[in-house]
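Order of writing sets the labels: A, B, C and D. Residues in every chain begin at 1.
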Amino acid sequence: MNNPLKPKLQTPIIIVNFKTYSEATGRKAVELAKKAEKVSKETNVNIAVAPQFADIATVAEAVEIPVFAQHIDPITPGSYTGHVLAESVKEAGATGTLINHSERQLKLSDIDAAIKLAREKGLVSCVCANNPSISAAAAALKPDIVSIEPPELIGTGIAVSKAQPEVVTNTVKLVREVNAKVTILCGAGISHGEDVAVALKLGTQGVLVASGIVKAKDPYSILREFAEATKQ
Amino acid sequence: MNNPLKPKLQTPIIIVNFKTYSEATGRKAVELAKKAEKVSKETNVNIAVAPQFADIATVAEAVEIPVFAQHIDPITPGSYTGHVLAESVKEAGATGTLINHSERQLKLSDIDAAIKLAREKGLVSCVCANNPSISAAAAALKPDIVSIEPPELIGTGIAVSKAQPEVVTNTVKLVREVNAKVTILCGAGISHGEDVAVALKLGTQGVLVASGIVKAKDPYSILREFAEATKQ
Amino acid sequence: MNNPLKPKLQTPIIIVNFKTYSEATGRKAVELAKKAEKVSKETNVNIAVAPQFADIATVAEAVEIPVFAQHIDPITPGSYTGHVLAESVKEAGATGTLINHSERQLKLSDIDAAIKLAREKGLVSCVCANNPSISAAAAALKPDIVSIEPPELIGTGIAVSKAQPEVVTNTVKLVREVNAKVTILCGAGISHGEDVAVALKLGTQGVLVASGIVKAKDPYSILREFAEATKQ
Amino acid sequence: MNNPLKPKLQTPIIIVNFKTYSEATGRKAVELAKKAEKVSKETNVNIAVAPQFADIATVAEAVEIPVFAQHIDPITPGSYTGHVLAESVKEAGATGTLINHSERQLKLSDIDAAIKLAREKGLVSCVCANNPSISAAAAALKPDIVSIEPPELIGTGIAVSKAQPEVVTNTVKLVREVNAKVTILCGAGISHGEDVAVALKLGTQGVLVASGIVKAKDPYSILREFAEATKQ
């Protein structure tokens, strides 16, 4: 079941989702990834970046931190024009993948298949979920990471860990009932180091962030603040 | 959380899915439902039928056994042309609904929303799942029923309970780890009374059947055989 | 190609889409359909109603005006649990169907297949489109009706025919370049008789309406106003 | 409407779709693209390659022939995790994109939006269609290229141009009725130079091929044969 090729997951972890933001596309994706790498090296905190598919190769070439795909399709090599093959993102340099992000949701059986594919191909799987019960359902499929992100807070700057701490603690509780080992992240609205510190205190092992870093005036400084906060 | 309007679920239960078979459309749906009702009354076994949306009203008018919708959309009243509203199938006479049948799969978050809607509106929810781990994930969302149906056996006449008993026992095991109360059914290839008896012995509380009944030369006799087999 | 069972389409036509509004679900769907029938008989204007799937049978039983399904799936009888079979809505009493409503959009090849199925089964096909070029594309598939509905105006009470007359005239122009015979409707925001009159003057043969009637305080009066306006 | 950044489309054109074949993933995608470039330079025939998203950057870096994305989503920069942004594939080096391939079909309104995006961003748009009427519908949306590919022949080695010449001629006829300028390709089963020559004689301006090249023992030789055949 385990794949020796798969990197061991170091926690706490901060995953920066580049989405399809113009601030993190193409050449700018590489620049932002380099800032993330700088913070990771300076603080010794595990920081991963999740650029767009077409940027994985150039980003992975440019940095040594983990690179995640934003999605993989539940397919094996063959006739799937326009789909995202696990082998393809892996060969381009990805070492993990988001699955079922709230902006790219999958059928339940496809989440299961994508997790299994990631496991086989040696990719770290991070399944996103909207609420505590969905997080528990996702955890029952035994991915490496489950990330709870209430969609109504995404992009708001209102941190889930501060605005809805009970969502995070309830998620940790329900997830732990079905899966003792899975890494638990939270996301949505994370904008300050304190949001990260609170997230960890509530029982998570890290955060999944996007606009809080990508759209920040000074992504390096904020990410540095996030990384330091994991040590509190 | 519970809805006093929702009928109590009597087990063992046999749910007959009419799919979009011509043998169970329109006038023929009513005829088949009447045969199911006859067997249910003669054997005192709980038998439900799941006709197409447009047949729910006429079937529910014609019989007293439970009528399930084949699907509901995760929506509340409003601007959802062409979608299936829980209130609509309920008012037409449905008392339950299938959710996430392998032929009508949903996103994970939509399964969660549909289960919650069914609970609110007083509909029994039966979530279908392809394999044991997906069944456990579905069970974590706390529906009334989880039904395991390996898609590769659907319509084959090769019963999951006899051909892949380990799938059924593994499902029961994984589901029970996350949910002590949910009713567990199995389906796919169920064609003989013995398939039903074995399914119950493996730890399920009933079966979800389709072609085995709908396409049988004598649906009444086979369904009677199924019902008797639940008593072994 | 033509199906003798298919009713001849009388224009001008007003199609009232019941969506999944609570004001037009179940028993209320029948009441509203009766009001539409009353107006149709009094004014001799063709008015069709498009209730939810589960209401087609009871509505079609209660009124003599045309009943449209809100959607059909591009399937033939078989294993399509939870889908909408043309034969099923036809036997329940529908004589036509919406296809590709902006709230229930389909892949291009499925629109083509659904139109062909409707033709075979004797259902009038009404394909909805978002803008003039999409309307022309839809018209190239030779449905009976094309209806242009700019999504941004749906439900606003701001009538497309008055607020964006150039959208309607441009649609008529582009559609006529590829299809000389198709009936052209417009919709979105139609709330007054004048909106209907203008729509016809711009070259359409009728309107597709929803909230303007369904959510009106007095649907009968407004619909009567619409019907009279077709005669100006 | 026109974008000066968009390359002029030289015909006849051969587009090689790499799909998600293992023979054309990662390092092998670059090797295959180099063979295509070699043939293009030797024969002076326009040959484009359509690798997976994650391979666009490395392929475009390695060759000078046109690189197509296999799909773009109808989105502008923003919160669309896991989707394919036109700007992203363009910056990675793509100069065109397939849209609505039969293995990645889109809603009609999304095809329209994707074509418009491609036009704005300076990408050549190639819309795939299953049959003649769908091809005409696609052509009504004014893409640069329409490609007819009967899905039942894809991957069979039975060439559409030889097995179903009437499909090709009928497509050319219907497409020309609505669009005088669009480039017309055909695909599915193209395996021999003769298939290409026939396709051009039937009125197309090129072919869209996949397994016939990608899975050939000697892709260079077959592609060379295809390119020579365009000169007959």
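By our rule, a contact is a pair of C-beta atoms (placed from the backbone, for glycine too) under 8 Å apart; a residue touches a chain by one contact, two chains touch by 3 or more.
These figures come from a predicted structure and were not determined experimentally.
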Exercise. Among all the other chains, which ones are in touch with both chain A and chain D?
Worked result: none
Problem set entry | Copy pair chain C, chain D: interface residue numbering same or different (half cut) | same
For this session: Could you give the separation in Å between the centres of chain B and chain D, each centre being the mean of its C-alpha atoms?
Result: 45
Seminar exercise, completed: Whole-Å distance, C-alpha centre of chain C to that of chain D, is 36
Problem set entry | chain B and chain C, separation of their C-alpha mean positions in angstrom | 34
Seminar exercise, completed: Touching two or more other chains in chain A are residues 102
Exercise. Can you list every touching chain pair?
Worked result: A-B, A-D, B-C, C-D
Problem set entry | chain D-facing residues of chain A, complex | 17, 19-22, 25-27, 50, 52-58, 69-71, 75, 77-85, 87-89, 91-92, 94, 98, 101-104, 154-155, 210-211
For this session: Spell out the residues on chain C that touch chain D in their complex, using ranges where they run on.
Result: 100, 102, 105-109, 111-112, 129-131, 133-134, 136-142, 174, 177-178
